[in-house]
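Both complexes below contain subunit A, partnered by subunit B and then by subunit C.
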Partner chain A sequence: MAIKDLKIVGQPVKLRDLDTHVTGETVYYEDIRVPRMLHLKMHRSIYPHAKILNIDTSEAKSSAGVVCVLTHEDLPGKKKYNGLAGVGVGPEDESVLAFEKVRWKGESVVAVIAETPKQAEAAAAKVKVDYEELPAVFDIMEALKDGAPVVTDHWPNNHYIFPDNHRAAQVRYGDVEKAFAEADHIVEDVYQTQPIEQAPLETNGCIAVPEGGDGRITVYSNTQGLQFSLDVTADILGVPTSKLRFIGGTVGGGFGGKVDLQPEPITTLAAMRTGRPVKFKYTREEEMRVSSSRSAWRVEIKDGVMNDGRIIARKITTYQDSGAYLRFSSYGGMKHCGHMPGPYTIPNVWIDSIVVFTNRTPSNAMRGFGVMAGSFALEVQMDKVAETIGMDPWELRLINAYREGDMKSHQKEVEDAGMVETILAAAKLAGKQLPEEFQKMSSLDRKAG
Partner chain B sequence: MASRIVSLKVNGQNEEFIVGALTSLQDILRDTLNYTSVKEGCRQGGCGSCSVIIDGELRLSCLTPVQEVDGSEVTTLEGLNQSNSIAALQQQFIDKYAAQCGFCTPGMMVAIQALLDRNPNPSRDEITEGLAGNICRCTGYLPIIKAVEGVVAEMSGASGD
Partner chain C sequence: MSKLRGTGFAAVNYPTGMHLGGDPTQSLVHATTSGNFVVTMSSVDLGQGLKTILAQIAAETLGVPLDTVIVDTGDTDTGPHCTGTFASRTTHRAGNAVIMAAAEARQAMLEVAAEKLEVSVEDLETDGQGNIHVKGVEEKAISVAETAGAAHFELGKTISGRGIFLKTPSPMDPETGESDPDSTQAHACTVAEVEVDTETGNVEVLGFKSAYEVGQQVNPALVKGQIVGGAWMGMGHALQETTAPYYPAIDHAPGDFQSYVMPGAADMPSVECEVLEIASRNGPFGAKGVGEMVTNSPIPAIVNAINNALGVRITRIPVTPEVVLRALDEKAANAT
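Let's turn to the complex of A and B:
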């Protein structure tokens, strides 16, 4: 059967909402029309690290159009959360509204709810917070040094502690040190990536609408993690999830940038307190400065390589900048571990994937969480290995590419291997001439070619 | 500065409002008239998602104080839908997969219509320039450019690819 005969595989699939995208009729969360809607604006920390001495909301409360002002004292349930607590990730280390300390510049401190966005913004600017500024740390390697400022009490050494008291998510396979001693070449380097803002065209936001009588609240949200948002909101508000109805829909771009679960809990609380619909929409500035970005990564790779191109050992130490709080970083760090050492069969592998805390904006998912920085580091390293031993980089990859049934460093056999065929197809498209024995290589048979 | 009465013809309808000095056209279109195709991606003139046509010219409604365009004719995507003038372009967008999340699409539609109104046979460079004020974060732009080229080819009688 040819692909052209298949109904689904290999056939283009039309987007469900493409027809209404082109007419402008697709309904995004803020296209919902609700009468008597209030608007929430956040007063945010102006320091990356400071003790909160006093929060004075009196002037904000008496400002024109203000209906409600919320601080950490108004939180009815939990004061701290982690978006993945519902699936067993923790601890819950992030303040919903800051108390005692702020740990990054832009952290939520006081929510102001008013009749119009402008009134809410003007009043939020009138909140007065007295701070005692503390030393801050912005670099992962600085954060791990003795005597560095401690970002949160949960992590006395500024790094996450994985289950079983490990400093890192780890892979241990074979004996890298022994293999390094036997290798013809040692190739090492350090690869770093910067934080990247996902920058969806539609910023983070939601509208919470009280449904009257029984205290039920409907939340229209553009979150990418509707179930997580529902769980976290119920937890923070101390209400059963049956009291909340979360409605998602078409999201105006996410790319991982809408899993912070930040707007929903506080907006829902505001709707509960005021009895009126409340909207909280990030400004573009908030989206860029406050919403989580992709994290900064530092990947250190040391390879032991033979003259014939075989990589016999790979040792990787990775540092991920989580910013001030955990969010989903431990998940990203483990996923990174699962992605390394790349699509290559290497008999000796050692990986440490470390999540580091700094006083930067908390980071989170973005397209290929933990994977993009890993692939970047790995493939630049592969080119460097090829250059070092004087081998064609395509040939080096074909020699090391995993084959069906190979044992991976994660102690799983390779299934459905297609790396060799993918490289050969790419070479053809790129007009790359490979020697005949390489063209005959196969994922199904290491001896082929 | 004082509020005053402003008259506009929006998508063929005569409208009248009392507006403050700096009330943006975007707020009137979205919140007062419920033309929700006018998207709000930045409110600072950076993304093009709020693009509208004012008296035949492409403008950003977020940076346009309503008082400054008193007496003007304003067209949003809803207006273009009414006249059915962009059906071919919409079909090209569907055929070329020129939208993913769709948030930039209404602004793109309006910007392309404005481009084709002043230049019915734009080159690829002219298309790129015509869309320079509209950000898309999903498609990588190429399908959008191909959709425009498709509609240009149709209009000039040649068959699109």
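Let's turn to the complex of A and C:
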């Protein structure tokens, strides 16, 4: 099924670094060798929500091999950040190193830099933080109730505030309530996912190397976006972007788990302060408990359906568990709006996509950000619709599948449509017998008349 | 107690590109003295094969052999800007940027060859084997290596090109959600067959049969790799994985692969698939993107298959043995 007369594109050419991936000779950030390298370990919050009364680093500072200890007082630029501040997302709500309060168990409080990883780890354990524990909230629906513990002062009702003071990213297309009144069936359900770890083979990490005379720092990083990480690191530390160079590009898996600037800013600062190379590599435990997870989603769907299988209205209210800070959750919430109501043409659609704050590990991107939970909910819902109206689930999907030129609920015409052909191909592969009029369907059949 | 089998399926679409656009990637291409071409980027290869497919796209556009194309990526001092590897965007964005840069470099190469052969550029074509010749007259030819050498040392000309792809930002209307959020849409439909042990609650996936519509495949072997890997991840999501086993409680958070259980190789069933290619209007050679979508269709397909096997209606993931057994208990309670 080649689209064009192509010679090299379309060929199953061997992966260029396949052999070295297998032999272990591929060079990743950790494989660079620099002399006099120091190691950074983080002292982390032991409470999901607490007031910080005092931070005592004296014992850590005098611990064997320790070269430098960094608290929020040592931050030369921003004390709070959001990775997307450069593209207008805000406010900057997340502490670079915690001060005043911790808002999730595992939050970074004090960075300890020592000659060896073991010395850094031992010293980090000697940091003493006095806390006054505060009530915490973990359940998104509890967090939205009046009187719930407030996670950050930026969000007094524990939800993100979208432009024009909306509590949700939203879609309003047609009139769902009118259509529900006209529908033969109403089909409703609630779908729930849980936080998930990206689980890359290589954990988050970087090595920051001072380059001497001109004051530049080279950061060897396994970020998914090199200039992005450079720009945000410079912004947080208040250094000119010309002072930083990021090197990477060969990474042991990302899946969205290496987009949120965790090791780079503090490691760069440590290299600036010590004048020596500094490495900060997440342990597997940090990767699982501290680095962003995929968020949990609660998706409520209400469909208005006719006896002939046409879905004439779909109302969706979605709650995304952002954890304690925003990170990119508002982006995920908007992407959810662009994805729903799935590959179907529905004339009346209402979507509210709400970002909720709780005292858990901040969530962020993962493969299918804003989309995966939506597709899960929609496709389990489609089976319920089929069962409710007594229709074959394949036929239900084919009747409603979008065709080329149809209008989507975010008011963009469908382009490059292929859902009908894909469903028919899967049916054939699975030995599903469909009536002839369904087998003849195509993504162009409405245009063809 | 028994083992019950069920079948379920799911149909999904998937957008290409950062949501709402505004996510450029650039590329620079230049010839070396001996006629190799270096494609300079700062895009990140996460293991999916970005470097390989960018070399294919550059070689195809330049009309030169694949092994004469070098992809140099991953240094912000030397590589032009790339927004990053996420949102199923890099084949589309970086691929288009490479086509633009390589096309400009090809034109420069042909101009040098035309001067050497004393013909006009329009009369020249490449053979893909490292030669440039007059259309229909293969013996009137010059090699790419000789052309590059002449450009450097005789004519003082550069053979290079610049490329960028940007989908201009489309803000979302706060009231209606009106927007142009994506560049194209890929499609998948997965059929899953499962066997559920009603005594232990364990679910075994017996097989996947899927169709994927991804536009032009740049490298079918790497597409298949994504399909199998994505199904594997989807299986973990559907049945096992979470960092909060008792969500919303934060207790028992796993800290290693002993407690964070993922499917192993032995759990992976056969993955039968058919790949359809419906060209994208704006993708490189019609490519759409396959990176993320492949995880999404197996998840609801497995849940639908479990519901089909048991006659229950589970609406949450992961469907652990505990979830299965509680659903069966609830079904039994409702039956009495």
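One rule holds in what follows: the second predicted complex is superposed on the first by the 434 of 449 C-alpha atoms of A that agree within 3 Å, B and C clash if a C-alpha of one lies under 4 Å from a C-alpha of the other, contacts with A are read in each partner's own complex, and residues count from 1 in each chain.
As a convention for this text, a residue touches a chain if its C-beta (ideal position, glycine included) is under 8 Å from a C-beta of that chain, and two chains touch if they have at least 3 such contacts.
What you are looking at is a predicted structure, and each value in this text was computed from that prediction instead of being measured.
Novice: Which partner does A:G253 reach: the first (subunit B), the second (subunit C), both, or neither?
Specialist: A:G253 sits against subunit B and subunit C alike.
Novice: Could you look at A:P48 and tell me whether it touches subunit B, subunit C, both or neither (first, second, both, neither)?
Specialist: The second partner, subunit C, only.
Novice: Mind working out whether A:V89 is in touch with subunit B, subunit C, both or neither, as first, second, both or neither?
Specialist: Neither: A:V89 stays clear of subunit B and subunit C.
Novice: Is A:G418 touching anything from subunit B or subunit C once the two structures are fitted on A? First, second, both or neither.
Specialist: second
Novice: Would you sort A:L15 into first (subunit B), second (subunit C), both or neither based on which partner it touches?
Specialist: A:L15 contacts both subunit B and subunit C.
Novice: Contact-wise, after the overlay, does A:A199 reach subunit B, subunit C, both or neither (first, second, both, neither)?
Specialist: Once the two structures are laid over each other on A, A:A199 reaches both partners.
Novice: A:H410 contacts which: subunit B (first), subunit C (second), both, neither?
Specialist: second
Novice: More residues of subunit A are touched by which chain, subunit B or subunit C?
Specialist: C
Novice: So, A:L226: does it touch subunit B (first), subunit C (second), both, or neither?
Specialist: second
Novice: Which of the two partners, first being subunit B and second being subunit C, lies in contact with A:G24: first, second, both, or neither?
Specialist: Only subunit B; A:G24 stays clear of subunit C.
Novice: In the superposed arrangement, what residues of subunit A touch both subunit B and subunit C?
Specialist: Of subunit A, residues 12, 14-15, 17, 21, 199, 250-255, 284 contact subunit B in one complex and subunit C in the other.
Novice: Flag every residue of subunit B that touches subunit A in the complex, lowest number first.
Specialist: 34, 36-37, 39-44, 46-47, 49, 76-78, 81, 89-90, 93-94, 97, 99-106, 109, 135-138
Novice: Residue numbers of subunit C touching subunit A in their complex, please.
Specialist: 7-15, 19-20, 22, 41-47, 49, 51-52, 55-57, 59-60, 66, 71, 73-77, 79, 81-87, 128, 172, 174-182, 184-191, 209-213, 215-222, 230, 233, 237, 241-244, 247-250, 253-257, 260, 262, 272-274, 276-281, 284-286, 288, 291-293, 295-297, 299-301, 303-304, 307, 313, 315-318
Novice: Considering only the defined contacts, which subunit A positions touch subunit C in the complex?
Specialist: So the residues of subunit A touching subunit C come out as 1-4, 6-17, 21, 48, 87, 105, 138-140, 162-164, 166, 169-173, 189-197, 199, 223-228, 230, 244-256, 259, 284-285, 288-289, 293, 296, 321, 331, 334-335, 337-339, 342-343, 351, 358, 360-361, 365, 367-372, 375-380, 382-384, 393-394, 397, 401-402, 409-412, 414-419, 421-423, 425-427, 429-430, 432, 443.
Novice: List the residues on subunit A that touch subunit B in their complex, please.
Specialist: Where subunit A meets subunit B, its residues are 12, 14-15, 17-28, 30-31, 33, 199-203, 250-255, 283-284.
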